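The structure's right below; bear with me while I get my questions together.
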Amino acid sequence: MALSPSLLYGLTGLMLFVIGLAALFTSPQLLGKILAVNIMASGIFLFLITLAHGSGTLIDPVPQAMVLTGIVVSVSSTAVALALLCRIEAAARPPAHLPKKKDEARQG
Amino acid sequence: MNLSPDSSAWIIWPVVVPLLGAVVCFLYKKKPRLAGHFFAVVTCGTSTVLGWQVLSQGVGRHLLGGWSPPLGISLRADGPAALMVMMTAVTGLGITLYSGGYFQSRLAGDSQDHRFRAQEQSFWPLWLLLWAALNGLFLSGDIFNIYISLELVALSSVGLTVLSGKPPSLVAAMRYLLVSLLGSLTFLLGVGFFYKAHGTLELAVISKALAPTPPVIMALALVSVGLMLKTALFPFHFWLPPAHANALAPVSAILSALVIKGSWYLFYRFWQGGGLLAAVGIVPALLGSVAIIWGAFQAFSQQRLKMLVAYSTVAQIGYLFVAFPLLVDSAGQGRDALFYFAISHSCAKAAMFLAAGTFFLQLGHDRIRDLAGVRQLLPVSSFAFALGGVSLMGLPPSGGFIAKYLLVSKAISQDLWWLALIAVVGSGLTAVYVFRAVSSVLSPHLLEERPLLVVAASMQWSALALALLAIVLGIMAPLPLALLEVT
Amino acid sequence: MVNSGRKRVSPAHRPWLLLVLLLLFFAALAWVYLVPGSVPGGLARQVDASLVASGVSSRVTAVLLNFRAYDTLLECFILLLGVMVVWSLRSAGTTEPRQPAVGAILAALERLLLPLMILVAGYLLWAGSSQAGGAFQAGAILGGAGVLLLLDSSPFLDILPKKALVWGITLAPLFFLAVGVAALTQGRPFLTYRFQEASLVIVALEVAAAFSIGLCLATLFAGRLPEYESEPAQDKFAAKRGE
Amino acid sequence: MVVTAFDMLLCLTLVWLAWHVLASRDLFRAVVLFISFGMLMALGWVRLRAPDLALAEAAIGSGLTGALFLSALRKLAGTTKEKRRLDRDEER
């Protein structure tokens, strides 16, 4: 079977998904994990787009619309994740006028 | 409104009303509680109309934008979907009434009310948006639309989890968010493979035509793993207890009673076609069995009441999956058992979490060994907690009993003895940890002095109403079962 | 990070095991992806057949704002939800000091770029009905312009009355709901447009969506809730207390 | 369409970049690499005849998400600079 560009990009997308998955498990830092989720999402988007080239010369607009929606969803969740990360870091840092409870930050 | 020629409009209202409510609560910050209650009641009303319509007229279908699938998106209201919408409506109304009292009590009890006011202002729009997303999830007939609804559910749940602002709840919410995103993305990849295999996004077509070709198997596996992550089935349960136990009291109830049901329901939707069920239906059942045992042991060894209730959710999720091999034949009793577990767990668990939240607010802690005497102080909540426990254990005449009865009798008729055994053993284990909590709550320890009651009456009575409903579900079983027959 | 609280011990100790498992997973995905089978084809033909009835000539826009407009409605709500959660995180949390000005180069860039960006956004919006472009891209560019302004510590989100900001963010969701409910009251399914009005409604929805998306994105970047900035010390204290 | 050397190069670069984004211990470098990753992604989408997406990816996926990451990094740098240095010292 001849490798068409869409297949090549599809495989790349799947590879990106797997790389992101690996980093999500191994990354020691939360920011790294959020980056990993973003890379996974990009991989899936690339994969979805190649489905638009399924048959013949017509390009299917439905996967393209799906990806556009997906990009907006992903930026929204990234913003939430980053805001949460900043909040966690701020809470872990003891405010100057309050003694830090040691075990509090480690729970959960 | 005039009598509309499109008679299926009642399907969309349970989604539109809470969406509108969320925006109104977001815009109208002065009295979000009032707007929240109003829209919760209206949502409950439209959901009841939906349930009644399905019961009397059969399956309904609403073609959004007037385009029929595969081009457009359709909403489909059949028996199971209507039952889940009704479950969300009833439990949601109880939680809404509780939340009103909860925020009122906290605002009255603390002079530092700026933070509490901000919490409440965020709570109402998030809760209504979550409600809308759940209803959208139950009714949606399009798998990409389901992905968006799942993301809405996940983000609003995370938003609700972080409201308490405590560091443990923040860390738990972060883990919850990452797991949720992983689950959604896995689901989305599965959606891609389904689209590749079938050329359509319509759920009804996809779940019927589960021919075991490689792309379909891969798609189903990805979708299932994504949904199991979100439902917190056994090996993926690690994120649930801290997230559920550290949230605000009404939020714990929302997460445990309703949110996990959304992804579980989708799991059922994808598997209900049955093609692959005979071959691999045993996998969710085995994971569910381990979850029942493991969750019960973990629940027993907890020191905090809310953690105990949260681990009990891990165990009860096991029951939601254990009956999947019973779905193979079309008699429908396996399905009835599954859905009965879902609705009775929803009422019982909401009641227990709400009662535990009441104890927490009154006492300032939820250490199980120091709960003695709370019965005297909060008799209604204590009774609600105990009644919820009765339904979890599956004692007659509760809804939990009906569910276990259906499960065991169906398993025996299919010669799946181990499954029946697991259900019975699970009941025993549930009894052990429920007794541990209930004996502490109900212990006849007399208080020397009666502290001032800081919790509103509506907090106690709404929990009791839900607990009573969990019991009554056993007596009025014919009604939900009749609704389930509409497919 | 100590406080991340989710160090996974086993994969870190056995990276090779993880790597092998993931490679196997990739091999399975790739095999399934490449396996030749009956390709049913997507929905390209159906989209083309209904394109005339949709009211726009761009196929992606037709899918986004007509055939699958319900998805886009929910997507607007996801952005709104993102703003809600970020604000609730910030309102109860600590407040950061205002970022310092970035410098002369950025200011010059900004003078040059801002009008250009707004122009491009308008063009994309206009082009969306026939070619590449549309509400999202225009909204993104508007959001980018907002971010640029914020980087130069122009406090336009703070100067903007809180009410106006909140209404601007909810404009697209509300408008979508209104269009949907209007169809319901006239006896048509949710979000159905009448044929003669379709292109007008879609353009109006696109403008509203671009505006709200741009504002939401800029707000997500700013992340501040202007209202609560005055009580930082007390807030910090309150955040540390129990439930 | 046939696979050109450009396609091959682009795909390999994407994978290489993703690997380095995620393997990098220096978060600032990771974020900068992520932004360039997004830009290359947009290029790939042009190649896949999806110019709509190329625009959206360049603007949102790469530009705005990158800006979000950078601003988060700047906020974090204030709170955890010392802690991270301590962590790094511990690793050595």
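Note that the chains take the letters A, B, C and D in the order they are written out, and that residue 1 is the start of every chain.
We take it that contacts are C-beta pairs under 8 Å (C-beta built on N, C-alpha and C of every residue); 3 or more make two chains touch, one makes a residue touch a chain.
Keep in mind that this is a model prediction, so the values were computed, not measured.
Pairs A-B and A-C differ in how many C-beta pairs touch across them, and the larger number is found at A-C.
Ranking all chains by how far their C-alpha centres lie from the centre of chain D, first place goes to B.
Computed from the mean C-alpha positions, the centre of chain B lies at a distance of 28 Å from the centre of chain C.
Averaging C-alpha coordinates per chain places the centre of chain B 37 Å away from that of chain D. The distance from the centre of chain A to the centre of chain C, with each centre set as the mean of the Cα atoms, comes to 15 Å.
Residue numbers of chain C whose C-beta contacts span two or more other chains: 1-5, 29, 33, 39-43, 47, 60, 68, 71, 75, 78, 81-82, 85, 89, 93, 136, 217, 220-221, 223, 239.
Chain A has residues 11, 15, 17, 21-22, 29-30, 34, 47, 51-52, 54, 59, 62-64, 68-69, 71-73, 75-77, 79-80, 83-92, 105, 107-108 in contact with two or more other chains. Residue numbers of chain B whose C-beta contacts span two or more other chains: 144, 148, 151, 155, 158-159, 162, 166-167, 171, 174-175, 195-196, 199.
Interchain contacts (touch definition given at top) occur between A-B, A-C, A-D, B-C, C-D.
Residues of chain C that touch chain A in their complex: 1-5, 7-8, 11-12, 15, 18-19, 22-23, 25-26, 29-30, 33-34, 36, 39-45, 47-48, 59-60, 62-64, 68, 71-72, 75, 78-79, 81-82, 85-86, 89-90, 93-94, 136, 213, 217, 220-221, 223, 233, 236-237, 239-240. Contact residues of chain D toward chain C in the complex are 51-52, 55-56, 59-60, 63-64, 67-68, 71, 74-75, 78, 80, 83, 87. Residue ranges of chain A in contact with chain B, taken from their complex: 17, 21, 24, 30, 33-34, 37, 40-41, 44, 47-48, 51, 54, 62-63, 66, 69-70, 73, 76-77, 80-81, 84-85, 87-88, 91-92, 104-105, 107-108. Residues 144, 148, 151, 154-155, 158-159, 162, 166-175, 177-178, 181-182, 185, 188-189, 192, 195-196, 199, 201, 242, 246 of chain B are the ones touching chain A in the complex. Touching chain C in their complex are the following residues of chain B: 1-2, 4-6, 8-9, 12, 16, 19-20, 22-23, 26-27, 62-67, 70-73, 112, 114-115, 118-119, 122, 125-126, 129, 132-133, 136, 144-145, 148-149, 151-152, 155-156, 158-159, 162-167, 171, 174-175, 193, 195-200, 213-215, 217-218, 248, 360-361, 364.
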